[in-house]
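Residue numbering begins at 1 within each chain, and the chains themselves are lettered A, B, C, D and E in the order written.
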């Protein structure tokens, strides 16, 4: 299983509002792809269509095809649950379950598929995932406390730990490091590099350096104006995008290297 | 009125847990001060004590003094509402009012206090604030729509617009740009530079470049280990902190220049 | 804060026209106000900024007063009950209905009350929660509103009508079912025959009460289900949870205290319902069988005998009311205990 | 690659381990047949058929799913069935009650019924109308007025008190001793039998204004005792789930607590609060026993809640059913009773609509 | 014989029209009759209004004794205790009980193909104590030659609420069949005799109507098409009727130790008087002998005399199916009511 994603002529709507127009993109298996672009251009929206989370919003729908290893996610016979089990996601806003302890938050996804996981396996998995998300040291003494008493960055890392605990084939990350300090950011980037050996990773980021550091390919999205749909402007090797993009808009955007 | 803030021997607690220990810091009026430090070290917590938002959390309390132009915020006769009216705040997680339209969200500080304001003044204020937060162009055609239908970055900018619409004397910003693209980030940084002419600005950021770009002084917080309280390690001119800090921990932290 | 209007808002584009604060007339004004204040030398934050602080005081005072008023009312209800019930406890046991003292009189109907309420809740709670879920998370969005609305109507039907429906429509239907149960499952104590010919038994009462309680639980639970943060629902779905798993992970834990509250409200109704029980039940002595004539509830006992009650009998009935009060108290203590035990993990925040 | 795919039409990885979508329908069809067969065995009846079919269908479909798609999906499907089933089950008595009320109530619901009182209607009048087959005279106008006035006053008393108490509990008390006491006693209040509430109000007013004080207002007080706990508890729950984020956002803008509560917290929870208030009104609008001992029983119109007895729809229904105006010819009374019941339901329906309308004006403008 | 009775109401109704509101609380049995009286009285007296709440006899007496109502409707006259208590609200002469409503209680049953049965008191008692359990029991059959009695089990249905009907019925049983009915006379059905039951007259009638083989006792006017038993009085079986009920009241004796104007009646349940139907309920109006204002006195008198007048009784009969008071009783009642005066 190679886990490549091919998107064909995808239009994404919020009810009548066309948020993202006509995206065609091929995301290689076992690679890291970065989505960049100005705020509101539809990066999150597009990302959510890749594991059918978009349709959770009332009135939201898509036209077009998204293929995972050649199989259309939007085929009527496909159950979104299957899709989401294979394609994990970390959200822009951290969302740990407030009613669960830190430990249970990490195990939430795992317990779905494997209820009878032994305590020692579970413990090992919790530690591994939390270490992966660089959170282990901070929370190891309070695994039984609720997840809502954590700082913003800690919550975000908890959500990352939760997503990787189920080892999905593809991981979508919507600005996973925006609330993180440099140390944690580095840890997450290391994690992404590790994950890429086995999994496909797609990451939305506003941080050009980060995109440059972690991604193999970069997709630049832009929006023509307010009320207009977002579009995929350019998609290429990350080095190409950052060093000699073929579109003027891309160059304009990446050359203002802030972030 | 100069709006300087002097903190003396401040300890901050969540019930029994001492989250931030013994901070003494003098924040100059009409300057930008950046708080940096690893996730969970108490930056947000400390920031919230500066406008008495900390005590909103059940069980949370402080010991010590915070002086605004020499007047202790924590004097028993002081009304926290007065304090918060003078010291505005932008939160780490965007939190627009779901019951209000975009326009009403911007005007919330005015309208919720039942200040009378003419429609034309209100319109002007809305435009000015949204322009300041670099959001005007994106939302000018849908001011009457709910604020919750915006993208993550748009929501964050809406919250910034809301905070500056009431023109507080001091503005506290908790990672205001973490969800923003470089263009918006630049706009917010410009805004901060303008604000500093009249107001005092304190900003929490994980982005070293940002701290270096916008701040006059930088405070580095650190935490000795899990369960330990966060501490103010070093506080100095931003150039000093970034170029030759006097403490080893600071140098270690800022030299890993990611973000 | 008061400067919000007087001071020109910051200027985004042109910084040149920002007047220095000291020259602004508005700011002058405020300066003066402050100087004329009582304690010029001390903390300027202390001065009351506007009448708002009074507003805060008034509002919290009024809220407190409302709470205290409720306590006062409850206290007077309790005093009223105690005073009116007192003669029962001092009376000669032979004077009490049944001739064997108050305990002998009240215990069977306490048990009856508890049985009726238990049946009602056992039937109503799962159905009501399921219906609430149906409306909030399962039904097509458009239909859901209408459905919710229709279910709410159930709450509005007067108890007299439930009673009339219960004994005119429902009981005769159930009578045949009971006969069958008594015949085939009679070895189970609760189905021991002979079954009532009229169907006006405890089980029928339980069912009628369940129907009356369902809208209460449904309506409150539904509102809370609808408020589940979509952030958490999405977190669950994104992990590959099925709809039920999402409900179990995000919705139910979030709504748990609310569901318990709703159930308690329903229980209150089931315990205190008078007219419907009075009309539906064919009361009698305590029996284990639910398909036989017999049993009685406190509320119905009061309703049936109050009109003709006089003297000590009246005291007795009010003492029965007092007992019901105490039962409610105990049940709610248990429920509260369950809620507070999990407080730390409640959904707010 | 695309060509390759269309040629082979290999099965999608994503649909592997999935039953075809028609599987459920096949099971359903089989269950219907089996249900018919089984119910024929034990004596055929439509109800028996439906019940057996439902049970067989749910069990088989769950097992088939478990085998074909795994335990998780089976569970999901089972719960879906149960949820739909519970809804249908809850609908049964509702439909039955509503049908009973409609069937018996519609014939009596005339202009005359709506706009005349029972003043001057005696058993002789009813006897005459039965004998001559003329329309039933007398109506529920007085009772409608009474119900509206008493309910209005009860709401006027309970909603502010209940709402403010809930506000105190959630926003101010925060688990202090007094708040705990209030919560506790409000809980106890939910179980007060309605008749006791009536007796209490009657005793209270007898103490204040002399024996035999029976007015609409006394009834409103009695009903308030029943309404308040419903308002407090539902409002409390709705306020509790308003995210603290929003409160903090308002506080940080220098908004006072009471304005935050009235302008941010309550509007955010308004739809739930409105539901609770409607529920509480529905809870008491059908009460009989407490009205009788507090407002007396009137058969003519009275607009003044502070003096004189007052009739209400439930007491009207109650006596029309239990002591028909003409014992020898109870049909006109029964007809009036059901018509009044229908009227009461219609009134609550309108009220419900009104509350929702008000709520939706304040309700969160989310995309939900 | 009608002249004296007609005089009272005529004079008060046609004379000075009374005004004000008269409040009564009490028996639900009187409710239907009361509607008729209210209507009749209010149409004759423009400014007057009567309000009556059928809360129950006990509640009515309690309200009356505590001053919460100006008169009570009660299925039983005030007992001696209550008469003493009444002096507190009514002044030294206390209260008076006036019979106003007489209604025979039917022993009604639902038995396929049978509309009439002859029963004597012991048999009735045995049926209600469940000593006799089937309809073709010899005790019933022997009194009903020629009637086809099925072997349907008998389902006894009694009132679940405390009621005047029960009290009168039970009083009849314990007087006329003392050996077979040994229970105390009370408004509540004996707890030991558990059976099917229902609330209110309409409740028991409804239950019996829908249950084959059921039997109950209920106000005659309300039993509709159910079969009704003829009750053995003396040597004959008396059919239930207004006249027979009136006759039973006629032979009643005044309660001892009461004032001349008090009309409490001791019914002879075990009477052998031919044509009398002793299973009868007599309901009273209880008035004070004095009220504190002239207006109230006028109002009470006008209403009271109207109720017992021939016209008032006829209205009640037409509306509620009750048995009118005999002219003698009516006249006596008028005189008693006329004696009400303004107190100090």
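Note that in this section contacts are C-beta pairs under 8 Å (C-beta built on N, C-alpha and C of every residue); 3 or more make two chains touch, one makes a residue touch a chain.
Labels paired with UniProt names: A, B = Phosphate ABC transporter ATP-binding protein; C = Phosphate transport system permease protein; D = Phosphate transport system permease protein PstA.
Predicted model only: the values in this text are computed from it and were never measured.
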Shortest walk length in steps over touching chains, chain A through to chain C: 1
Which two chains share the largest set of C-beta contact pairs: C-D
Mean-CA-position distance for chain E and chain A (Å): 85
Chain A and chain D, separation of their C-alpha mean positions in angstrom: 45
Distance between chain centroids, defined by C-alpha means - chain A, chain B (Å): 28
Touching two or more other chains - residues of chain B: 81-82, 84-86, 93, 109, 113, 149, 166
Contacts with 2+ other chains: residues of chain E: 28, 55, 59, 199, 203
In chain D, residues with contacts to at least two other chains: 72-73, 76, 243-245, 254, 256-257, 259, 321, 367-368
Of chain D, residues touching chain C in the complex: 72-73, 75-76, 79-80, 82-87, 89-91, 93-94, 96-98, 100-101, 160-165, 167-169, 171-173, 178-179, 181-197, 199-200, 203-204, 225, 228-230, 232-234, 236-238, 240-245, 254, 256-259, 261-262, 271-272, 275-276, 278-279, 282-283, 285-289, 313-314, 317-318, 321, 337, 341, 344-345, 348-349, 352, 356, 368
Touching residues on chain C, where the partner in the complex is chain D: 1, 52-53, 55-56, 58-60, 62-71, 73-74, 76-77, 80-81, 84, 126-128, 130-131, 133-134, 138-139, 147, 149-162, 164-165, 168-170, 207, 211, 214-216, 218-220, 222-224, 226-227, 229-230, 242-245, 247, 254, 257-258, 261-262, 264-265, 267-269, 271-275, 298-299, 302-303, 306, 318, 321, 324-325, 327-329, 331-333, 335-336, 346-349
Touching residues (chain side chain D, partner chain A) in the complex: 1, 5, 12-15, 17-18, 20-21, 72-73, 76, 367-368
Touching residues (chain side chain A, partner chain C) in the complex: 51, 53, 56, 58, 80-86, 88-89, 91, 93, 95-101, 108-109, 112-113, 145-146, 148, 159, 162-163, 166, 168
In the complex, chain C residues that touch chain A: 141, 229-242, 245, 249-250, 253-254, 256, 344-349
